[in-house]
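Below are two complexes that have chain A in common, paired first with chain B and then with chain C.
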Partner chain A sequence: MSENSAAAWQALTGRAGERAALLGAGGLPTRRVEAWHYTPLQSLNGIAWQEAPALDAATVKRRVEGLNLPEHDGLLVFANGRFCKELSHLPDCMDVQEYGDGSAVQPLLAGRFSAGLNAALRQPGARLHVPAGTDAGLIVMVSLTEGDGVSTHLHHSVTLDEGAQLTLLDVQLGTGQYLTNPQVDVHCADKAHLSHITQQAESHEAARLAIVGARVGERGNYDSFTLNQGGVLARQEVVTQLSGPFSNTNVNAIQLVDGARLNDLSSMIHHASPDCTSRQTVRSVLSENGQGVFQGKILVDRIAQKTDGYQMNQALLLSEKAQMNSKPELEIYADDVKCSHGATVGALDEDQLFYLRSRGVQEEQARDMLVQAFLLETVELVEHESLRDYLLKALPGHV
Partner chain B sequence: MPAVSETREAVEKLARSNYEWGFETNVEMDLAPKGLNEDIVRLISARKKEPQWMLDWRLKAFRAWQDMSEPDWAKIRHPPIDYQDAHYFAQPKKKSGPKSLDEVDPELLRTYEKLGIPLHEQEMLVGVEGAGQKTPVAVDAVFDSVSVATTFRKTLAEAGVIFCPISEAIIEHPELVKKYLGTVVPVADNFFSALNSAVFTDGSFVYVPKGVRCPMELSTYFRINARNTGQFERTLIIAEDQATVSYLEGCTAPQRDENQLHAAVVELVAMEDAFIKYSTVQNWYPGDENGKGGIYNFVTKRGICKGDRARISWTQVETGSAITWKYPSCILAGKGSVGEFYSVAVTNGHQQADTGTKMIHLAPDTRSTIVAKTISAGQSDSTYRGLVRMQPKARNGRNFTQCDSLLIGDQCGAHTVPYIESRNMSVRIEHEATTSKISEDQLFYCRSRGFSEEEAVGLIVNGFCREVLKELPMEFAVEAQKLLQISLEGSVG
Partner chain C sequence: MSDFLKIEGLKAQIDADGTPKEILKGLDLTIPKGEVHAIMGPNGSGKSTLSYVLAGREDYEVTGGSAHFKGQDLLELEPEERAALGVFLAFQSPVELPGVNNANFLRTAVNAVRKARGEEELDAVSFLKLAREETSRLSMSGEMLKRAVNVGFSGGEKKRNEVLQMRLLKPSLAILDETDSGLDIDALRIVAEGVNSLRGPDFSSLVITHHQRLLEYIVPDRVHVMAHGRIIHSGGPEVATLLEKQGYKQFLEAAA
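Right after this comes the complex of A and B.
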């Protein structure tokens, strides 16, 4: 580790500097680090992040109630990195396991900066476990962060035993200039099905380095959807490994970026077994000085014959200063595969606008309609009906 | 599935297929001592009788190179290269100047005959059968580091076109070389371009004056012959306003069990309404069946569309080299200028290719098209790496990119790494990539109509590459099709 990066690292970690060694030659990734080329973290340099103080229970309660959450079977609330037991409840079929020592980075996420940071400063999060053959319904997890110069590093794990099912709505919000660095470790055993919806509505001044690592067993399914709409510098990183045959993963997302903010969706879909499928649709709408980043990699191992992978990434630029950087990547070592990716970047289609205008729709309204139509197709990929409605309400102009 | 297993079997057989151009020519060589230092750079410059400004330019490049490190981001692996263990200057010994073919070593001429390059002017009319009109091609042949013969110069001169070895251009047209050399690929652009700038010994120079349509195809054949030499050629093509030129480049090297370095730099400058078409059929020695030997092909190619409505089109068929590291790029600086990149990259055996393009849109109404076809067989790895960047001023910029990969056998890899950067809302960028194998249906269809497995695969692969091959000038298209067959020989059917 060079001295400079060590200093930067010390500055970031502050209270847990001794654990920095976990990151090896760490330091804050710069533009020169390939994985962070479009999302460099220098702006976080030199901030002495403090541990976030406990929040007043009444405030937290008010904020959670204000969310208008869909009807759910369980609720877990975290405020400034602390579990709020009195506001949380779980269905009987589920148990919350004790938080172990667990400062190790799970192998799937090895070498990834966000995971290393989480490992170094880890705070115990939810330990959800759904027993075999059980459908645990919809669980909502709310993480609220408030304050300036504070950071949280929650570590959650979600384990579904054989044939178990769960829909998890992961809502993140807050106010202030904070840093959140949550990690979710997911394990779907054979035939288990997790539908994981992340609603990222962090403060528009916050930095966020979130990472999910999911392993999926035979005929299992990890279906992920992210709505990225907050944070001044926010990356959602999703790493899924299809480790059993005939398993499936979807890594879909919507990014809505305005102001001078940057939202990043980075994903790695690793086909490590034969006969698996993966689907990815990422749509970004960039306005004002917003910057969107999409980095998606599909890796197909030599043994993963009969892989079927598809990835689509589209961006709509609504202003002169908006920017989009995409890097859809295929790395393929098996020959009997069907993999494709597509990417488009552009403004609203003038022909479509003209069509609506010629039918008497006002220009502004026509633009809204087209943006909403663009987003709607992606939200419709969420299977859970009431969640779909919930997400639609979160979109601009209430589609 | 029989077809698949047969295909795999055949892949293993592939290594036994012959590299047709693997002969060595016994020509007396004049070699500089091994190693690279300022003295070698001075020696090269002195041997080329270069003016002082050229030597200064080289030394500047050499000093920059000493401070640079080899790029490591490409998906290629190779043992460290010892830059001191090579000759940086090799020249076939000549009795006199290279201007007359009669004085060239007959052994050399036989080499070109073997390559099928009709160097003699009377043989230059390479008629395409049935085409009616015969197409002349002017050839500049570069043997190791030195240009040995340039044909048709008189005809070209009448049209005002300058086509000569760059070493000659440095002496005879210093104003042009000074004005453009290093403007598209700056000396310290990257490790290999800096190395090239320091030690390049020859290459081709083309200048097409305003309003001139070059009366014939221009062509250069590069051959690395001597052992332990690197080839560092430098090509500079300038097309003035409304000028048009089509340039072909072919490459071969003898079979050797050590690796040889090839680090060329090609610069294209297209002014207003000019059109430069640059076609490459790269067939350097790829190494033997165990991955031993072969050429390391680390090439920097870049063109700038300086004037409005200028157009640069790169077409490449890459079948050779142990390692290919090459990204022919276009800087679209003129309003309404057009950049094109058509590529077929075939890797087999232990070959590795990391190739693609960069399209940098700087001006309004610029358009670019990228069509990249990648075929991996044997134990090879092939990567398409490309960048499309739309700068804020590139209003109404358009890009279409299509990358298709075909895998033959389960020991190879095919990768696609596109970078798409958009800084302006009026652009439209479309990117598509697919990876697949030869479909059983297509094979079955051909087989049921009486084609052998090998013919069927040949047909399918040629169909797969058609969009690119049709961009090649006719003579090259025929050659490229044959090359594809040879490269994949034994890998199928």
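Right after this comes the complex of A and C.
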């Protein structure tokens, strides 16, 4: 068990102190652990991850100002796991509740390593609350991390009361060889609607183990979209539970992976009530030695009759060494359901490429146009128009 | 220079399940500046291969001979460089490009070519004005500019979209690969008018067709008969009429 005594494990359990038990035993997950088979964490073993030190306020301000964010109604800034109050503001209709102890693993996320790690080393994040019937508009949350060999473990919660609405743009970026392990607990009460857009633009040397757990009440909607484009090894894990009838969740994503990096979108959509719908479109573009992972499970309980689930996972391989590992899973106990899923992996279409080039478009630009076209349909699933434009600008070859 | 396009002894092959298959077997063809030539020939004679090789498609390997255009070695150039030089291929079956907006595509292509030719690029407004003029000229609905390239277009709409691209890119050599296939008589007239409108001292065209019908609307200066990867007979427009009446048999026998 030399992995157990690895520098990373020693440092993390040491920092967790009496909460170390939340990490489980056995060290960082290896390839032998099924959930981490395609995204093994051994590469993190050699680093004794330390708590990230506070960043200079002026630096943080400069970074945030350089972001070109869309017009928003509120802004929350975190730097190296610490809240930057002076750079943050929220609309009057919202309140930020006191951060409680909250060191337990949310039941929805029990047994998931990223959630255990977060619980063990948890740092207080945003605790957003939108009162009943209120539309809080667009809130941007920026999490900046800088440094080498440091880690952050922010824990956020977003609670929407009955009929409340919120669009949350969650921007993650940084420089250096760090580890981020954020968790977002979402609760959408009946008829509440949260659009949660995560722009993962971490440093290309960074590791990231992010996890979201969302519970959705009757006629509620948790609409999530992830743009996974940074990190040397980055998993975005989304667990949603449709706990009230006629609720809906979307778990869409785009992954853009180049270099020798790995991006992972793992999701669990749990239909725990009848008459619910779920939609999932994940498109990955992999170039150079990039690796993409998609693990998507749809679980339909016996009581969840009239479930309507759709899952589509498509990958574009732009080089011979790029790789996509895709694991769709349906587990259905109800007998009156409509669930479909599909997966495709392929290269750019040579006929399309030649067509564009024969019209004078340079090869590089022609490739970009086709890649962007592949991604466009997924970006169009984002409801918020100005966010669509914002995300399109983050894609390769945007005009 | 009177020899605008000069092809000599051109040989090309394609990989057919691991074994190379020779399709062009020493083809000679010269098109002087300002002339429209037609190539007619039976299925499998290599007509489409010739058009792809001239436009620069990579799955054909040129194994011999040469092709020069405006004095430049065409075979050395990338497809986009050939387009900038003035080569345009109207495809027999234009591909669909889901997610690529037609207007954006057309503007990107026009500006890429203008830039390569040292001309000023068009801004969005002046491009759209130009594109609208051209679509109405081709009896195309303006809606087609807003849709994804060729997606959900009927056969006729796709061909009109090809002619639209040709008009916008202002080529000096237009290769029409069976542009008439699947067109009704009205669409055929519109397509032919699109080509005829470009005719002039600086425009040449190679019209590849199965049928004489298109050549009633685009009257060629020369007609070449192609078979087994070669030009086996060349003559005036009367060759097309002869072919329509008597078929390829006599030419094939004469060449054998």
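Quick notes on this structure:
Operating definition for what follows: the second predicted complex is superposed on the first by the 375 of 399 C-alpha atoms of A that agree within 3 Å, B and C clash if a C-alpha of one lies under 4 Å from a C-alpha of the other, contacts with A are read in each partner's own complex, and residues count from 1 in each chain.
Simple rule for what comes next: a residue touches a chain if its C-beta (ideal position, glycine included) is under 8 Å from a C-beta of that chain, and two chains touch if they have at least 3 such contacts.
The model shown is predicted, which means the values in this text are computed figures rather than measured ones.
Once the two complexes are overlaid through chain A, chain B and chain C fit side by side, free of any clash as defined at the top of the document. Once the two complexes are laid over each other on the shared chain, residue contacts for A:Ala322 go to chain B alone; chain C is not touched.
In the superposed pair of complexes, A:Gly360 makes contact with chain C only, with no contact to chain B. In the superposed pair of complexes, A:Glu377 makes contact with chain C only, with no contact to chain B. After overlaying the two complexes on the shared chain, residue contacts for A:Phe113 are found with neither chain B nor chain C. In the superposition on chain A, no contact is made by A:Tyr222 with either chain B or chain C. Of the two partner chains, chain B is the only one touched by A:Glu331; chain C is not.
The larger set of touched chain A residues comes from B, when the choice is between chain B and chain C.
In the superposed three-chain arrangement, the CA centre of chain A forms the vertex of an angle with the CA centres of chain B and chain C, and that angle is 80 degrees when rounded to a multiple of 10. By the touch criterion stated above, A:Arg302 is placed in contact with chain B alone, chain C being left untouched.
Applying the stated contact rule after C-alpha superposition, one finds that A:Thr344 touches chain B and leaves chain C untouched. Think of it this way: put the two complexes on top of each other by chain A, and the tightest Cα contact between chain B and chain C is 9 Å. Residues of chain A touching chain C in their complex: 349-352, 354-363, 365-366, 369-370, 372-377, 399. On the side of chain B, the complex with chain A involves touching residues 4, 73, 390, 392, 405, 407-437. Looking at the complex, you find that chain C touches chain A at residues 55-59, 78-80, 82-84, 88-89, 91, 94-95, 97-100, 104-105, 108-109, 112-113, 116, 148, 165, 169. Chain contact summary for the complex, chain A toward chain B: residues 34, 302, 305, 315, 317-347.
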